[in-house]
Amino acid sequence: MSDMTSPPKQSFKFSMLLYDSRYRGITIQIFVLVMVLGSLGWLAGNAATNLAALGKPLRFDFLGDTASYDISQRLIDYKSTDSHGRAVLVGLLNTLLVAFMGCVAATILGVIGGVLRLSNNWLVSRLVAVYVEIFRNIPVLLWIFVCMFTITAIAPQPRDFRGDNATASMLLNDSVAVTNRGIYLPEPLFSRPLGDLNLGIFNMSIELLVLLVVLFGGVYAARWNNARANRIQVETGDRPDTTWANVAIIVVPLLAALLAMGFHIGKPELKGFNFKGGVNMSAPLIGLWLGLTLYTTTYIIEAVRSGIQSVSKGQSEAAFALGLRPGRTMSLVILPQALRVIIPQLISQYLNLTKNSSLAVAIGYMDLVSTLGGITLNQTGREMEAILMLMAIYLTISLLISAGMNWYNTRVKLVER
Amino acid sequence: MQVSKEVAIEIVNMNKWYGQFHVLRDINLTVHKGERIVIAGPSGSGKSTMIRCINRLEEHQQGSIIVDGTELTSDLKNIDKIRSEVGMCFQHFNLFPHLTILENCTLAPIWVRKVPKKEAEETAMHFLEKVKIPDQANKFPGQLSGGQQQRVAIARSLCMKPRIMLFDEPTSALDPEMIKEVLDTMIELAEEGMTMLCVTHEMGFARQVANRVIFMDQGQIVEQNEPEEFFNNPKSERTKLFLSQILGH
Amino acid sequence: MQVSKEVAIEIVNMNKWYGQFHVLRDINLTVHKGERIVIAGPSGSGKSTMIRCINRLEEHQQGSIIVDGTELTSDLKNIDKIRSEVGMCFQHFNLFPHLTILENCTLAPIWVRKVPKKEAEETAMHFLEKVKIPDQANKFPGQLSGGQQQRVAIARSLCMKPRIMLFDEPTSALDPEMIKEVLDTMIELAEEGMTMLCVTHEMGFARQVANRVIFMDQGQIVEQNEPEEFFNNPKSERTKLFLSQILGH
Amino acid sequence: MSNTLSFVRTEMLPQKTPPASSVGLQGWLRENLFSSVGNSILTLLTLGFLALILSNILPWVLFGIWDAGSLTECRAMFAERYADGREYACWAVVTDRWDQLIFGYSFGNLHEGLYWRPIVGLALILLALSPILYPNLPRGLYIATAASIFLYPWLIWGGSIWGPLTLALCIIAAVFAYRAVAKEVSSLIAIPASLLVLGVLVFFAMSPVSSGLNAVAPIELQPVPSREISGFVLSITIGIVAIVASLPIAVFLALGRQSNLFIVNKLSTGFIEIIRGVPLITLIFVATILLKYFLPSSVNLDPVVAVMVLVTLFTAAYIAEVIRGGLAALPKGQYEAADALGLTYWQAQRQIILPQALKISIPGIVSNFISVFKDTTLVSIVALNDPLGISNAIRSNSDWNGIVWELYGFIAIVFWIFCFSMSRYSMSLERKLQTGHR
Amino acid sequence: STLDDIKARGKINCGVTEGTLGFSSRDAEGKHGGFDVEFCRALGAAIFNDTEAVEYVELSSKNRFTALSAGQVDLLYRTTTWTFSRDVDLKTTFVGINYYDGQGFMVPKDLGVASAKELEGATVCIETGTTTELNLADFFRANGMTYEPLPVGGTTEAKAFFEEGACDVYTTDASALAGVRASLKAPDSYIILPEIVSKEPLGPTVRHGDDQWADIVRWVQNALVAAEEHGVTSANVAELSKGTENPSINRLLGAEGSLGEMLGLDNDYAARAIAAVGNYGEIFEKTIGESTPIGLPRGLNALWTEGGLQYSPPFR
């Protein structure tokens, strides 16, 4: 019944590259790819020529050279005769340290602040709101400077602790010293030490290892004990009181291990110009940590607030009507739902904090940027290598954090739905 | 239908304001154990507010509310006690979306009544069967239809084995078919002798189940009576007007 | 109602899959100019998919579709040509919320047909008058009721002066009153001799307007016939079953 | 029992006023501050804390000195006024160095009488932003928007006006080229073709034409070298350039990331993720240290411009994600309707998709703008003189050696005013978007 | 070439410190002045006959070399120490020494320290990216002592930390130390320890590979020293450049021969420079000499004829 010509058999024509939806995409992509590769190639070519002209071909062997500078705040052994590579490692660990400390502190403060922000006490919630508005509308770099200068200007100098007419004194039974060079905390010491375990790059103290193993063992046993209690509860309805048993399971072996190794506390003491002994958190570390924490906290407060507010009022009313107490309502009903909103925002704040920790370079905290992108770069003149490495390391950290948190996020989501 | 002489809820001269707005005015109401009361009235007349005061989701400012012999004050212990005895079924269900149906039902018994989980689950399944959705127990609220959700909400409050149930327009958001299902469930409960306060405009339900119908307007109880009397022979002008609208509709 | 011998749409042995799922199976259909076809069938039978293939919102994998003498291939020029000749009216209207009604109607004529703005606006007003909402021209879609929006959607597709119109359940989301308004508009169009394919379950409309009713199930055309025959004397069992539901409902 | 139950109200009760304890000041206090014992304690603690902080800070701020030539003078004045040797803020540094902090060296001390340039520039930008920020204003203001893109740099950097003008002409020519080619041949070829035209014009025609025009009609402003641009003018300039230049890039990146063309998608995603994965300071290092290596040795790269380029890319990556969110929020039906009407891809994007997606994205874009503006302080690390850099310079001068809080305080307040008002604006916008569909 | 770029630009981009009193700092008007700045001005005078034809680019210790190699500046007059690795590995070229210096230590008086050897365990403020940073590590290692470095980005910051007592010791080039001390709130309560722990020959630095430009910088500086050797001052240079008996002076001032043209400048380039900023001695006296608040003695920087090390190769 059709009087139409049958459809023409199409053979490939050049114009199809432009007008055929199947090929058009390919044309565009090839064009884009060529453009992008072309410009990248051009840039790389320029870099190669320029570096060759300067006599600085891209090589990473400077990492093996002697660094010959000192770093005061460090998590692993390092001295000025070590290599630049090791200095970079010290810097990386310092970056991770301050990022970790910052994330923990900002999360704790942020959650508290977020809850206070929603408090029905007008004054408290206003105060938190004012805090948020002040701190997040001023650049974080300025906060870092302010924190750093607050410490150096307000905390006493070590020499104020000296002499008979000392103007400053140590806290907590002479075990903590707050100075404008940092805070000195008591350190754990062992009179029957077990030595160090050489892990190649750094040494791990065996005492610490033993303590960790004992602690994890205890926690694991306590969890098993809880699981047993749950089983019993499910079967009989009565839950055996596990509190004391758990405390014992965790604490007793720990105490035993501490006693066996001859644990005692080493207090910092003023010797010469500075306090000696104890764990030292240097002023730049504290300044950076405070600055990052105070700034990031505001964002976490907002995240927590919006998360909790995203759960409708009906949910808490329903829980109340069922007789759940406010605390339980929060932990069983509100938080599990609010976390869905909060966690993604937390991820990005953790990422931001980690990236912002690079501002360490402004106050002399020896993080990755100050070592690799600072002194090492300056003393060796390897800009290209140092900065590319710097970016690659940060990129890796970022990708790892977001991957880890996304994994957690999907887990939380799965539990919900 | 037996109504005992014991008093379940007693509200005396209760007044409540929202800011300057006088929502509830001189409410006096005595509910006996086993009584089933339907509350009707135009929108905004304070029906929800009144029943929310009974389990202290709202605070009243004057007068007293005594539930099961315990007076509602700001004493937290009393509030907890009363809330665990009074079940409430919300207009919008307010199911917990992150928990399965079964978990929704066992949450309060386990944490408030400290019932062993197994027992709590058995009770929950019992009530889910009663509302005819035992097979949905492991789904999440979002996966159920409106009528099913409403029934879960009823089951959830029943799992606490409350002595008193408050229903706030349990059918307003449902289509006719589902309304019937939900009301059937409630009628069944009623027949077991539970004390019930139900805000509803389903007059069929009121006729069939209620001992008493209360009509509210402008925050006050305007008329109360047995259903027959109430519907056939309303006394106040306001009630007459309202009934003419509802019945004609 | 005059149907010419000229062919408007020809679908030959058309097959389509979504992944592994065979949505459309061996569809053969010839539509003549001026014909008005109603497509019916249970939910999920592939009605929407079929008409979406006709203006290439979906791609088919086998067979051919020839619209107005142009075969639908992946050649962009053909696609553009066909789309400017085929108007489509979506189930959910898909109006552009950031443009006024008038702008919604003039957008495509101005940019696709390159009609001067003034002329485009005149045409638009003409069609808006036709669907009886010229006074809404300067409002935004969000300010209109559902029925009005539906009519704007029709007007918008008419402004391109298409030779063929596709309607996808144009009334499914409306209340009975609005259904009537929309159908009236369509009947008026039909009377002007436009080729129309309409997915609908409004059998009254089918009876009144259609030249042909097509019944689809499981991705295939199960039965097609003139409306009288189709409704009074369905041949296949499947159709009978379906009609019994629809007519009884 | 029926009669006991029956009750009829014969007379309606009137509204009564609530008990005094629940309304007015007393009610407010009771409800908001003293609703329970715990709450009352919290209130008192908070009040104590507030009193402590304010009693320490307020006198320092309020009793400060506004008029002195140096810190030493300030100190002398305090010693004179307060016998107990207490010192308060020496705000005199702000009055003394106000020009430098706000206008920097460029328009402050070095080239006096040029203050009007950044001021006019900023006014122009505000005018230019107004039609975007407040859609109700007449559309004609978009002309100001377009003009300010070329005029602002001219006002800041100075030089001949014909430079920016011929650049604008080149761009207009490229747009015409695009239209012509798209009409005659294909819109696909038109894009590279117009880019080619633009490139050729900019590289070969621009400088002869502009210098020729300048010879005929010399309209010139005194040129200001990039590195002298400093103070808040620098922060604002970097911020404005970054936001204006990043928007189009961000749109393309967002479309790229939403595209189903594999390579385009992956390239956009890769670019966005890499930029978002590294700290801004490393990108600023790239700008000031590495960028030079990546360009032919003949190119003389201005560090301020280089920083602007990298900050722009940085902003673009973040804004692209915001816009992607806006694109994703549009229902699929909008794309289909556009297709069904026969609009081409770019027509559909320009007429239908982007106007809606961008509108949803404005709050997000504004908060990114706030971030960028705050982040401009990072340039002080690479020795550009943003306000923080200037504050260092001021302190290195013996007059103001040792002054810290006053400078930081002043800078903080200025940043705060900018950022706070922007964030308020974006909040009000968000509220407007949530309510009312339009 | 660099000279062509400079001529096209009309300005010399001269890298100076961010503020080292005496060597380069901004006054309240934002204008630069100081010892190093005078040499930049001399270059401006030599090339353009305009001491103002110089853009001062303030660089921190950290970013000076990257700025130089990135072409942000044409040269550094930035208290930069001539070292092997900087010369060879960093691909910069040192073209002279305008100040012979060494690293010193400054401490508060009341600390009661008399020698750098007593600094065991002290916290030291140290500018990063400097030779002093490396010397410091060496010095303490060599003496078997420990210390806590507090790395700072620049002098301003270092001063603030030092004054607040965040560090016990401030170490840098002794010359800069003098300037820093002069600018402290209470200069008298600080002392500079007697030890000089390193050699810090400070001088102008240019990029590797442009010998013509290196020659210009080298010989303009030498001209200023030679002027002092010959007694040419800003006061008498106009007079002397008309021609004198002394052929050396004549060649220096361009009255004889065409040394300037060989450099690619005008013949009177040196005369112009001397006229604008004075000879080496004059510069020294007016910027950092004993009559200034900095109060540095000539010491090693006296002419070789007066027991110092300043010595210009012959102009011929």
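Each chain gets a letter, A, B, C, D and E, in the order it is written, and its residues are counted from 1.
Rule of thumb we're sticking to: contacts are C-beta pairs under 8 Å (C-beta built on N, C-alpha and C of every residue); 3 or more make two chains touch, one makes a residue touch a chain.
What you see is a predicted model; the values in this text were computed from it and never measured.
Shared contact partners of chain A and chain E, listed by label: D. Every chain gets a centre from its CA atoms, and the centre nearest the mean of all protein CA atoms is that of D.
Superposing the C-alpha atoms of chain B onto chain C requires a rotation of 165 degrees, rounded to the nearest 5.
Distances between chain centres, each the mean of the C-alpha atoms, put B farthest from chain E. Here the CA centre of chain B is 50 Å from the CA centre of chain C.
Distance from the chain B centre to the chain E centre is 89 Å, each centre being the mean of its Cα atoms.
The centroid of the Cα atoms in chain A and the matching centroid in chain D are 28 Å apart.
As a whole-number value, the distance joining the C-alpha centres of chain A and chain C reads 58 Å.
In chain C, no residue reaches two or more other chains under the touch definition. Of all residues in chain D, those that touch two or more other chains are 289, 292-293, 381, 404.
Residues of chain A in contact with two or more other chains: 19, 24, 53, 149, 153, 361-362, 383. Listed by label, the pairs of touching chains are A-B, A-C, A-D, A-E, B-D, C-D, D-E. Residues of chain A touching chain D in their complex: 18-19, 24-25, 27-29, 31-33, 36, 43-44, 46-47, 49-51, 53, 119-124, 127, 133-134, 136-142, 145-146, 149, 153, 355-356, 358-359, 361-362, 369, 373, 383-384, 387, 390-391, 394-395, 398-399.
Listed in rising order, the residues of chain D touching chain C in the complex are 331, 333-334, 336-337, 339-344, 347, 351-352, 355-356, 359, 437-438. Every residue of chain C that touches chain A in the complex is listed here, in rising order: 7, 10, 12, 30, 64, 66, 69, 71, 73-77, 79. Taken in their complex, chain E has these residues touching chain D: 5, 11, 18-19, 21, 25-31, 55, 57-60, 63, 66-67, 70-72, 153-157, 159-160, 163, 183-185.
Listing the residues of chain B that touch chain D in their complex gives 3, 15, 17, 19-22, 25-26, 61-62, 74, 211-212, 217-226, 229, 235-236.
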